Structure formats: structure tokens, C-alpha cells
């Protein structure tokens, strides 16, 4: 009969879907959920911060940052800076016996190959090797990096050159590498479905036995929606999630058999202001300062973020040149209105506000809207343009400087850990001499100071200069306004032993394994 | 008790409509013997179709209801039977109907075979395959050419006459004792009509079933029926052997009815076409007494007060005070 | 039937062509098509070469046919975001969307059939009234709100069913209801009036007169006849379901075409958007062809070309 | 959905009106519709707060009748402490404005093309009919996504998408009406008498399709409100800081576990507006144009 046939096919369909999605419940497999996802698998082609999510699994650099934020040797067994008067060299001894996932041994040739790829103008990360003129190979394990001028960012970025398998790359080509990337990292690539999942396997021949993963297999689900990710954890579909929504962080702390940890993001909610276009109101520092005074970030942190945020003026504690006396611009709407009036905008001003969001940090969309609502109350009226972070990257692919004619709220690293030189090179220096390669500010004096920092290699001198520049930048609200650092909450089942590493916004899966005793606690963290 | 297959006694069927109660069948009595064909004649709205539906238990729901009288089929009382029993034990098995319009009485989306096989499967509990084989035989019996081929065809591939045969095969597949034919010929060409009436004759001869032939067509009734019952406004006004009735209609209505039909061999009273004056009464508001009284040329006072009962008068029954 | 199908096929092709044209126009509105087609490491020389190769100096009509050509071979370019062919991204997610749409449709049918049949059988009874209220609410409540209310009620308050994502059967329930809600009304109405007509028909009286059980008569004989108008409804509503699925997917974080395309919109990932739009037009046309074919299965008169 | 079938199906509302006992005049529906219009036109005077006024300390305040509710915020506040009632009122303005533009433009376009197709027939009809077919086979939500992806979202874009999706409603019905009108004697007479085509259109065809248009427009109002809410819900429609009911729903989703009123209030507004316009549209049809009444 007609209707019973319908029911039969419904049943069949449902059985089918149940069979297809039956969970893989093997003990040596752990399923976890990320909110955001990398877009690139080639470390010499990264364009976005989230790309580190992948890089940290498969690829490694010469140095690394330890959980205590100290720089440690990694693929480099030892290294030293040779600073002669007019030339800087970095001598590196590469660790012996490190294998790529295909069994090839890592040699200095692979670093040279990666350096060359990074030098290509389209790589997007060429800024890190800008002043490295050559990678000189002495033998399989020894090489020297030649720099045309002192560049502290090379060290700050962990001697940024990636270990890229030259022989493999040349055999399979660009497309082949995209399809199946290999590196020296603790995890091997298995398969990937964009916006759905990434499956990786432990690399059993991994060189660093101390930090080898405990699970044989890791299934990383990509779940951008907060509610969905939370539901996936609560229903047991996944056993580890990042970016627990602040509204539910307290509840998670009380969930049975669950461990949570709050980690300060190396990022900052950052307002970028177009101070270069001729008709942009933000050319006037008073308007920029009005923006800084108009928003009550303490209230936002308290009420919207449930305390999961740290108010910052420019730099965060732990950064080179951090100045504890530099206080954030206080919330003062009257002052903001007065500044606007002084600048000739007594009746308010209309601008485009680009709300760049990513699920990586919590509540970005509504915090953006909150900020714009505060701005409206002093007379800065936003026409909101909602953009996923990816859109910005995609727009950026076609223009040196993505089109942004007003104000933009986004997450931006302000040099944590380490120092802010790269970040300032990106959005304070007029031609974007840094990560991201674009800036909306142009001030010759500030440019010179950024340039100076770029070549200053002594840390004590750097700290002084950074402090000075931070103060100057703060007073002028130049090169954008940092506001607060988000605190990211991670949660996982107590059957899992997880020790967060700072790489990839704390998402590096270096030390994750089963915890039979249910008594594993994460290593203590700074701050 | 008797050789009557059907005995209907004082049957009363009402239709409860929103506007009121229609006494569609009002104290109707008649009987049909095995092998006999009774014609039920009347204008549209006279209650003849409702009588047929009452026998089949297929009154329109929820409006139609049998409120009195009895229907006995082989001595079994049917009027109080519930629907499920009616469907399982009576319809298609004991009583079957050949309906009005062959063009619309077959389901367009099922094959002929499955439709003819349906009652067989239902009443003989045969397997689908046996039922289909039997259905083929039935089609052969009603003289549908190459039935084995035709069972997989659909109604729209059949002509009107052929469809009527299929319907006949479907109705008689389980050899019912009583067949009700409700205007089976009205939608057909005259030549096909004749063929169908032959067929009905044949089927009846084979099975010895009683046949209730419902029609408004006096000519068709004359050629097929043994006896005729004439209905007017829900009541039977006259029952007689067909030859008697046509030769000498007794009830004023019957007389009027016959007079209004131009027929070869029967002279109309005044040498020209006659029509009964007035119109049939509003079924919602039947007059007191004889329903035909307002149009009757023999009407007396009494006719307006009392309903004349159907009284046996020398082999025929008449419901009229004056003629009695 | 063949001729009918042929004309429907032709109409479908025209419609797809129209969809491709709309996408082409939209693409031109997007700005320099070269920027959309070239990889990010393209040089000025590459641009010039491609400009000539693509004949962008040629008339728009020629350009359109070139575009059509690449669409025909399934070449929508690479996703900016994922560096994989845009069509693959969409096709990967098509099963999830179809699963949802079919489940929604089945929900609608499974609900509409008893509602329609019983409200025809018992006119003006409580069943009929319930069906009417359903119809009224079905058309006035948007699917995304139903979806949210279902989540609020069955997932948050009662905690009976999962609210988000794709997984086992239980994940499918709420989205399917949210999606199937809207067409229930129209289907019930269609079925009700069709059944009313059919149950009055001579062939049903005939079926009754040979003693077939009431159950067989309604659920087999009558319903099969009512299936033709119902199938028309299903065809008409499938477009709705596909569009609706896009919204419902977002509500329930269902990993289908809709959510992917919405994300692609926010990421300005144009190749993915255009692949999604054209594919949904193709699926829509195909579904309608299937519905046309099903008429033939249901009704032999149509099969035999009457 | 076919426009003819819409006209037929919607008369469910007629029977519902009978059932609810206000068959003659749809008082309740008219009142609801009136409220929506009042909110749209006089919103700034009756609104208790400014729609975008945030008060983080008061965020997620429940409606006044619940524990923790505040009489300052009768329907509660949202995740940024904005007053929900004020936002509903502001949303009504947006919804009504968009509906008005969309209805007028799609009605004008559809009527013009429908009249032309019906009156002239031939290749004009063929082209327009084919256009209608094409339009109807591209689902409107994906279409909206396409245009939003290349241009930017906003009120104008929403109106554009709605016009693109809805002109076929008008075109098909008007074409049908004109086709039948064309055969009438008086039109034929006018033609024979040498009356110019524009005059025939304005004098003879226009008054006849006017009632139909009015009915369609009323029915479209509800449909447009739902459609616009859907687009805004997806983030493809009205952009903040402009307030829309769909956008409110979208914002409220993340708080479904802690603040049910964020999603119920705007959804209820959408439902009531749509329901009211459907009921009024039905009533108008029955009153103005008995031919459209279901037998």
C-alpha cells in the first residue's frame, strides 16, 4: 500500500544513515572538536592564523616554544648568532635521525628548499625570511643562515624556516603535496574533508619520544557553531573541545569527569582604523581616541565574556617591552563626544564597520556589534559589514591591501609571546612591513621607529624602544587599538591526558593520550 | 419458506441532511424470486436508487440510515447488519451491483485483472495468482475477447460496452444470489444496450440469481423484466407482472408514466404525448396522505389525509384508494 | 508520455540554462572575472594570457557560451577557501541535503496522508479541524522558527533529541520536522479535496458494492488515485524544500549544501556559491522530471499517453 | 508554489474564520495588521527605548511577568541588554518598509509583464512565459545567496531578491486574467473601434485586474515578511545596526538554553503578521472578487 511503502523507505533511509554515521569507538582513537579550521596545508603558503592548526600537527621548525613560553631547541640541536659588524649569520646544527613521514631523513637540503619556497613573493610568509639572503649548506646536518641586516624577528619566529620534504615535494609536485602533505611532525595526515573533519595518525618514528601523542588516531571534527560543539561534547560524540562559550564555562567546570583549562589567547580584539584615505575621519587622532574612549570594555568582559578576557592597553605581560604603567584608555563617553566635537564631528559621523569574525575566539560577532553600539552612543554610526575571517583572506588574495574604508574589528596577535615588532610592522608601518602585509596607518616618524626595532638585536635596547613606541602609539591611537585578550576555555574528558602547548593558539596536539587513572592534570601554565 | 431470494418489507430509509430529513424510501415492500427479474421503475428522485443502496448497505454516510422495515436475503435479516459484516459476507458474495456508468465505475489506475480479481480474492480467500486466473475466466464468461491479454490492461483501453462487461464480470464473479443493476444501460449505445441485456439474461440463466433492475426506461424494463415495481416519491405505488402492467396500468401515476412515453404498439389516450401535470413533491416536505395526490386526476379528500397501503389485488399490488 | 517527457526535459534544460545565465550575470557583477579564475600567485603576464585565452575581449555572448561550456563539464573553479574544486565541495554535501529534504518530505507525506484522508472521511470532525489548524500554522510559521522552537522544546527543555549536527536517526528527526512542516498544510488540503472527489466516485461505489473492505478501499483504491495530485504537490514543493533545507541546515548545523553555501557567502568564496546555486537548480529540475515520471507509474492513462 | 494554487489553498483561512466565528469581518487579523502598521509608522513615538540602546548590566533580563523581570523591559532584554519590545517595533518598520517596496515593485513588474503576455500573446507571451518558468525553477534562497555573495547585503538587496522571486506570482495570474478578458466582447469592440492599446490597458484591463492585485498584494505581505526574516536570519538580509525580526532570531539562537524569549518573541511577531495578512487577504478576496472564491 502506498503509505506503508513510504514508511518502509523512511525506515530504510534512517537505518542507512544510522549505519553510515555509526561512531568509531576504538580505544586508540580520540575524537575531538575544533571551532575553526586551517585553510592551507602548505606551511610556506599560509595566509591565516588558523593555518597553524594544521602546521603544528605535521610540520616543525628549528626552534619551538615550550608550555612555559620559553624558546627551546627543536629540530635544531644547537644554534648560535654570529654578529659581526656588517653581517649577521646564524649557524645551525640540525638534529640527526629525524625522519619525514615517508621515511626520508631530514637534512639541511630540506630547509634550504623551504627557504626558497618561502622567498617566493606569493608565499605570504616571506616577511619572516626577508633579510635572510642565503641558506648555506655545509653538510647534511649543518648550515648557516646569512642575513643582510640584523633581524630579531627571525629568532622571534623560531628561526621560522619549516622542515619541508624536498625529495617528496619534487616527486609529487604542488598538487600532490596539497593532497597528501608530509612533514616531520608527531602526526601523519590521513584524510581531510573541509568543514567536516581531519583524520590524522600518530607518527611512530617521531624523533621526540618525550612528547609523542598517546593515541594512535585522532579525528578532528570541525564544528564552528558554539551550541553544536557544546552539544557534541555533552552527548559524548567528542571528548575534547576548544573554545567553550564563556556563558557555559562555569557550567563546564562542574560537569562530571570533565577537565577545563583557561588559556590566554595570543590574540587581541583589535580595532583597525583607516587613517590613510583622504576622506577618512580617522586621519584625525582625536576621532581615533574618541573610538578608544567610547567603549566600555570592562563591562563587555564582565557581562558578555563572563570575565574571560584581559583588558590590554598595548602589550600583554610577558611581552618584551611590556609597560605595566601604560593604562588602557578609560571608558568615558563624554570625553569621546568632546573629542569628536573638537574634530568637527559634533553631529556624529557615519562609517563602515567591518565585523571580521572567526569561531576561534568566542562571541566575536556580538562583541563587534556591542562595540559598534557603544560607538553609536557617542555619535560614530556604523554601517555594519559582516565578514567571516576567510572572506578577508579571500579579498586579500586579489589586492595588496584589502579594501577597508572605515573601522574593522578583528583578532590580531600583538606579539605574544615575544615582542610586537612583526605585528607593528604589519599594521603600524605604512607599507605593511610585517605579517599580513597591509596597514591603514601612515606616519613617517612611527615608520622609522618600527624600522629601527626591526634591526635592533639587543633585547635590553629593544625593550626600551618598544616601550617608547607603545606609549606613542597609544597616545595617538595609531595603527589600531588593542582592547582585550580573550581567554579560551578548553574542556576534555578526564579519560584524556592533555597538556597544552602554546603553538597554534594552544591547539597543538603534541601531548595528548589516554589517562587510565583519571588523575592526569595539565601542566601549570604561566599567568 | 419460499423461493424468494429477497423479501423487502416496509423498508424505510431516511437521509438526514442539514436542511431536513428526506424520506427517500418510505414503507417499500417487494420480493424477488430466484431467477426472477424485478424492474424497479421511477423518475429520478423517486427513491429507486436509494432502495438499491439500502439493499447493498451502501447508503451515503453519515446521512443515510434505514429507520424501519426489514430486508431478508434468503431469510437472513440484513437491515441491522454492521458494515464490516455487510462487506465481508453480503456485498459481492450474496448481492452485487452493476452500476450506472461504465465509463466511471472502473478505477482508472488499477488493471482490469486486479479489479475483477479483487472480489474473488476477498470472498474466496484465494491467492493473488488463482484469483487472477479466475478473473480471466470471468472475463471470458462475459465474452471479453482475449481475456488473458486484457487482464493486464487498464480501463481507459476498453470501450464503454467492454467496460460494462468487465463490471458485470466483477459483480458476478462470486455468483451472488441477487444482482442489482442500476441503470446499467443508460450510458450505452442502443446496440450495446441490447448486447448487455442479453448478457444479463445469460448471467442470470447461468446462476439462477434474482435480478433487481433499476431503471427509468420503461422500454428496457419491458424487454428484460418479469415483474415491475413502480416507485413514486419514495413509495412503491404499483407492482405487477410486466405484461399486465404494460397492458393495463392501474395506478394513476403508472398510467401517466406510460402515457408520457411514445411507444409503438401502445396507443396514447388522447392520441398525443401526455405529460403528468405538476411536479414531483419536494422530498424534504412530502404532503400528507398520498404523495401523488396533488397531481392525481382521481384525487379525493381522503387521499390528502391517509397514505394508501399497497394492497394485493388479483396478482398485482396497487397503492391507491380510488383504483382499489 | 515520451513526447510529454521530452517537452518537460526541454523545459528543464531551458531552466538550467536560465540559472547558468543568472549566475553568469551575477559573476560579471562581482568584478573582474580574471581575479576569480586565476590562482593567487598569478602574475600580470598570466592575467594577460588568460584574458586572451578566455576571450574576454570578445562579445558577452561568446563569453557566456564559454562559461556554459565549463559548467557543462563541471568546472566551477577552485574554492578560494579550501583550494579544492568547488563542485566537489558541493557534491560532497549533497547527500546530506538530499537526506534532509527527503526525510522532510517523508515527514510531510506521512503526516499529510492520514490528516488528508481522515479529514476527508470525517468532514468537520475534530480531525478536520486539527488539519485546518495545521494548515494555518504551517503556512504562517517559518521553518527556521519551527526549528528553533523544536530545539527549545525537545532538545533544551525535554532533552529528548539532539539539537544539532548530523549523526544517527535521532539527529534527523527535528530538522526533518522543521523542514516538512510547511508543505504538510498544502498536501493535506490537496489530499483532502482529492479524496473527497474520489470517495464520491462511481468506481469507489463499485468497489464497495463487491464487498471490498473499507480499509482496502480507502488506503489502496482511493489513495492510489489521490497520488497523482499529491505527486504534483510534491514536485511543486521540492523547490521549496531545497531552499528551505538551506535555512534549516543553518538552524541545525546540518552539514549540507545550504550551510556550505551560506558559509561560502560569508567567506566571499564565489566558486562555491555558484556551484551550489547551479547544482540546486539542476537538482530541482531533475526532481521535477522524476515527479513527471512518477505520474506515469501512478496513472496508466498518462503512461499510455492520454 | 504556483500562484493559482496559492489563491486556492489560502481559502483554508476562510474556513478557519468561519470556524472561529468571525466570518464576516476579520477583526482580530485587522487589529494585528493595524498594530504592525502603527509600530512601523509611529514606532519612534511608542517605543519605550531606543532599539540599539545597550545595557550590558541588564542583559538577558526575562520578560516582566517572570522572576527577575523588569517593568522597564516588558518583553525582556537580549544578549546585549537591548529592549526586545523596542526592537520588535523597530523590526516592524523594516519589515513593513521592505514589504511595501517589494510588493509595489514586484507587483508593477509582474503586472506589466503579465498584461503584455496576456494581451499581445505570440512571441511576447512565449518569451515572458519562458522567463516565468526559468524564474520558478531557481529556488529563491540560493538565488539570494548568489547575489549577496557578489554584491553586498542590505535593504535594497532584500527588495531586489524579493522582486526577483515574486514577480512571477503577479505575472502568471494577471496573464491568465487578461487572456480571458481579451476574449470578452467589449475589449474586442474597443479594438474594432480603434481604441489605442494603452487606453485599452488603462480603461479596460487595469480595473479588472485591480482587485486581483489587491488580494495578491495582501497575501504577499505575509509571505514577504517570512521571506525577509529568513534572509535576515541567514545573515543575507538586513544588516545590523538595522533591526529585523529574522536577525533577532539569529542573534537569539546562541542563547536558546538560557533565554527562551530571545527566539520566541520575534518568531511570534513574524507568525502573527503573516497569519493576519493571510486572513485579511482571504477576506479581501472573498469580498472583492467572488470569482476567486473556492467552490
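Here the chain labels run A, B, C and D in written order, and each chain numbers its own residues starting at 1.
Methods note: a residue touches a chain if its C-beta (ideal position, glycine included) is under 8 Å from a C-beta of that chain, and two chains touch if they have at least 3 such contacts.
As the structure is a computational prediction, the values presented were derived from the model and not from experiment.
Top-ranked chain pair, ordered by C-beta pairs in contact, is C-D. Here the chain at the heart of the structure, going by C-alpha means, is C. Each chain gets a centre from the mean of its Cα atoms; for chain A and chain D, those two points are 45 Å apart. For the pair chain B and chain D, the distance between C-alpha centroids works out to 57 Å. One simple way to say how far apart two chains are is to compare their mean CA positions; for chain A and chain B this gives 90 Å. A separation of 52 Å divides the Cα centre of chain B from that of chain C. Multi-chain contact residues of chain C (touching two or more other chains) are listed as 224, 227, 266, 268.
Counting partners per residue, chain B has no residue that reaches two or more other chains. The residues of chain D that reach two or more other chains are 235, 253, 256-257, listed in rising order. By the definition given earlier, chain contacts exist for A-C, A-D, B-C, C-D. Those residues of chain B lying in contact with chain C across their complex are 56, 58, 83-84, 86-93, 96-97, 99-101, 104-111, 115, 118-119, 122-123, 154, 156-157, 167, 170-171, 173-174, 180. Residues 11-12, 14-19, 22-23, 26-27, 29-30, 129, 132-133, 135-137, 139-145, 148-149, 151-152, 156, 185-186, 189, 236-237, 239-240, 242-244, 246-247, 250-251, 258, 261-262, 264-266, 268, 270, 273-274, 276-277, 280-281, 284-285, 288 of chain C are the ones touching chain D in the complex. Put simply, chain A touches chain D in their complex at residues 226-227, 245, 247-248, 296, 299-300, 302-304, 366, 369-370, 372-374, 376-377, 381-386. Touching chain B in their complex are the following residues of chain C: 201-214, 216, 221, 224-225, 227-228, 298-301, 304, 306. By the touch rule above, chain D contacts chain C in their complex via residues 1-2, 5, 9-10, 12-13, 15-16, 19, 130-131, 133-143, 145-151, 222, 226, 229-230, 233-236, 246, 249, 252-253, 256-257, 260, 263-264, 267, 270-271, 274-275, 278.
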